[in-house]
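After this come two complexes, each holding subunit A, first together with subunit B and then together with subunit C.
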Partner chain A sequence: MSAASALPETGYNFAYLDEGTKRMIRRAILKAVAVPGYQVPFAAREMPMPYGWGTGGVQVTAAILGASDVLKVIDQGADDTTNAVSIRRFFGRTAGVATTTRTCEASVIQTRHRIPETPLTEDQILVYQVPIPEPLRFLEPRETETRQLHALGEYGLMHVKLYEDIARHGHIATTYAYPVEVAGRYVMDPSPTPKFDNPKMDDCPALQLFGAGREKRIYAVPPYTRVRSLDFEDHPFRVQSFDRPCALCGAADVYLDEVVLDDAGGRMFVCSDTDHCEARRAAGHAGEQAA
Partner chain B sequence: MALRPGFADPVHDAQAVFRAALDALSRPARVRPLPTALAPPAPLSPELAALALALADADTPLWLDPPLAGSDDVAAFLRFHTGAPLTADPAEAAFALIADPARCPDFAAFARGAPDYPDRSATLILALRHLDDAAGPAFAGPGIRGRARIDAGPVPADWAGRLAENAAAFPLGIDLILTAPGRIAGLPRAARLLQPAEA
Partner chain C sequence: MTGEITGEMTGVSGPLLDVRGLTKRYGPRRACDGVGFTLHPGEVLAVVGESGSGKSTLLGLIAGEIAADAGTVSYRMRDGVTRELAALGAAERRALMRTDWGFVRQDATQGLRMAVSAGGNVGERLMGVGARHYGRIRAEALDWLARVEIDADRVDDPPTRFSGGMRQRLQIARNLVTAPRLVLMDEPTSGLDVSVQARLLDTIRGLVAELGLAVIIVTHDLAVARLLSHRVLVMRGGRVIETGLTDQVLDDPQAAYTQLLVASVLTA
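Here is the complex of A and B:
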């Protein structure tokens, strides 16, 4: 855990957003929690970063963050990528909160496209950055229609899409942003996380909040909520599996990233979750290419 | 009477109250502390005042139950500190502050959202005398691991029937924030009251 990585900025309200904006976002979050999986419209603000860089997640984090919170930010599982570093510094400077890269030390974790490998606890809130919150958007472009489909609980279109995967590829070929049904009612986009992470959303002890800045939607999965990945009886939901363990820490049950080593076809597969990989190596685990 | 002060630290006090409300609604029927140093005019309880100051503003009409609506000091306090319009029509309210929960109006009087916008619904904030999660009727639903009990009082005689009806209308419905001195718990619409046989 480290204190703010840079000096706190003066001239900004705590956590950048003004209090009126935070109240509006907080009310949307409370309704999102009360209706799990339903996308609550909110008046997303322009943030000092472009759309697509996590403006929704940043606004949710800014609205919930308190002075005693410890913030972790990951991008594709990594704490050290541009997006994660800049968002962590942003809150270090505008809120002065402590930041960390260790999953177990964080009280608020903002994520782009991964769920940490370390199991989350009741004392943590996971904030997802969401590009396109509407799971039906590529099947039905009209907002008026998708809203009706959610109102009626009419998700046949999504099942047809998954069926077409099977007809074309022999299996469900959707590998990320894999649709889930929350608490037996709303079908929800889990954001572009790999489907490998879908089982972690089910019955999770931590509160999960989703923010989409450009699309101006907030939704939530309360703790201990049933999150079921859509599938068919004869084509049950399956997660990706890897034919080799992490080359650095030897973990076999984690999501791996491919790293190209040279221009002669050399490559290695390593944990996408950098904190998990570091913790395992510190504990003495080693993969085949550990230095 | 002079106007009573609001939050000593508006930014961090509002954040702390919001996080307590968030925790309460995301983990229904679990009591957690809600410390507040507010001393609002009677009969507005410090907990009702804290939640109103943290969540209400010009965009959220407030409905006050008769004991609160009867006090000019309460109205002046809420108007000054939140800027929220006070409404006499419960159907217009985003938040309803209820100081006399035994006479809480029927839930049907409040907005419970529309099928395409279930979020356009009221949140009722009740000031109870006691709130305890060691006993009482059992609930299940999102946010609850297995089941959770909550004993709240005083409540109207048909309380169980109202809660069952509210949960049955999911995804429509009102959401309840229950407070007692120094404590808070949530009963969002998704929390389902278990029948004695299930409990």
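Here is the complex of A and C:
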């Protein structure tokens, strides 16, 4: 547990938002859970942070947070980057909840761009920050039309995008925000997580909630729901693979970040999930560059 | 031809398309005023008239893109049952539009996805009806590009890099890939220079004959009507003022306006 957060602020309601707003967001969340993958509109509020910094995720977190929850916030896999630190501190001060960087200790995990390597459990909720909730946006700019396409389940367009990838690059070159079909019905943007994480969404024991603040949409994947990445019969979905293990902890089956070390082309590949890496090193695992 | 006797041969089946009393008002103006006609399978109907005569509105009404104030459009579906289009659900109507119907637009940028490659444009309808095999979709796209005389090495170029004539060819390929029975064409040759027009018309005529398409082609160019159509419908001020076999109407126009229209064609 982190003791770094200052004392709780006074003058704010628990978790910043007023109870009426939280109730409105919870209603949207319930609807989203009832219709997996469907984008539910909600009256997103101004939050004390700029759009693009997780205003949607923060509102979802605020609506579901209870006094006994333990919160973890991830930014690109890391617990110690600006976005993660400031959101963790925000809830530490406005809700007074305990915060952690350990995946296994957290009950609510707000994330930007990654799903933890440690498998999630039924007792956990994963909240995604979503910049653009509409997977069809760049193919069909009209919102009225994309709603029709979702309503009628016309998802041929999504495959046009994948077709274009193969025609241009010889393989499906979409590596993040890779479209998925949820529970055999709605096609959903999994937020800009690397496609490496897509298989983790499938049949996941934890509830997954997605909040898009600027676009005022909430959607959800209930626990143990089928999440299928779209593909072609002759170009099946594949995740990225790395030709070396993490340089610090030696993990081979994880998503790696490339870190440039100097001006002479030196670089290392390390776990993107900092908590996973630290836990492995604490358990005695070591990579080739472990200090 | 196979020995199978179809409804079309025996004549028991009704028309493919039955349009009755289509009316559309914009304020006090009638863009389309009680227009009706029937279209049989394999028949090419030209709708001619000057700008503002209601030709394009008529096409929009038939396609269901403009809501009619009065009148009906009935279509004989692939299962042989004639149904009124307005009574179809949204899903059914859209499925019909992207499989059994085609719509070639005057402005190719409205009929194509300009940011998507030629192959993707042709393949979209196939993927829309559930094709999920990249190799087969691409082979089909290449086949159709060849049929509309677009070089195979342009398959990965977006239509933004195509000339006007090529864009119209691509639109045609994109529409015909699902083997529709009815194609609507709105001035497909306008804005193209004469030699390109001639080649495009040649392609259209060949495909229409080969595939037995029923076509409604809107044009202000009587030469296009003469070259492609079996029957002609002359419109003025939203009304049909003359209709008949193409040669009959163009060689022996009865209505004064049609006589004027025919007389105003420049002969080279």
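Details
By our rule, the second predicted complex is superposed on the first by the 288 of 291 C-alpha atoms of A that agree within 3 Å, B and C clash if a C-alpha of one lies under 4 Å from a C-alpha of the other, contacts with A are read in each partner's own complex, and residues count from 1 in each chain.
Basically, contacts are C-beta pairs under 8 Å (C-beta built on N, C-alpha and C of every residue); 3 or more make two chains touch, one makes a residue touch a chain.
All values derive from a computational prediction rather than experimental measurement.
Within the superposed three-chain model, A:168 lies in touch with subunit C and out of touch with subunit B [touch as defined at top].
In the superposition on chain A, A:232 contacts subunit C only, with no contact to subunit B. By the touch criterion defined above, A:159 lies against subunit C but remains apart from subunit B after alignment on the C-alpha atoms of chain A. Within the superposed three-chain model, A:130 lies out of touch with both subunit B and subunit C [touch as defined at top].
In the overlay built on the shared chain, the residue A:148 is in contact with subunit B and with subunit C. Residue contacts after overlaying the shared chain place A:13 against subunit B, while subunit C stays out of touching range. By the touch criterion defined above, A:270 reaches neither subunit B nor subunit C. Looking at the shared chain after the overlay, A:26 reaches subunit B, while subunit C stays out of its contact range. With both complexes placed on chain A, subunit A has more residues touched by B than by the other of subunit B and subunit C. Once the two complexes are overlaid on the shared chain, A:84 sits clear of subunit B and of subunit C alike.
Judged by the document's definition of touching, subunit A residues 148, 151-152 lie at the interface with subunit B and also at the interface with subunit C. Looking at the complex, you find that subunit C touches subunit A at residues 90-91, 94, 113, 116-117, 119-120, 123-125, 127-130, 132-135, 137-138, 155-156.
Residues of subunit A that touch subunit B in their complex: 13-14, 19-20, 22-24, 26-36, 38, 40-41, 63-67, 122, 147-148, 150-152, 182-183, 185-186, 205, 207, 220-226. Subunit A makes touch with subunit C in their complex at residues 139, 148, 151-152, 154, 156-157, 159-160, 163-164, 166-168, 232-235.
Of all the residues in subunit B, the ones that touch subunit A in their complex are 10-12, 14-16, 18-19, 21-22, 25-27, 54-57, 59-60, 94, 114-119, 121, 123, 141-145, 170-171, 175, 188-190.
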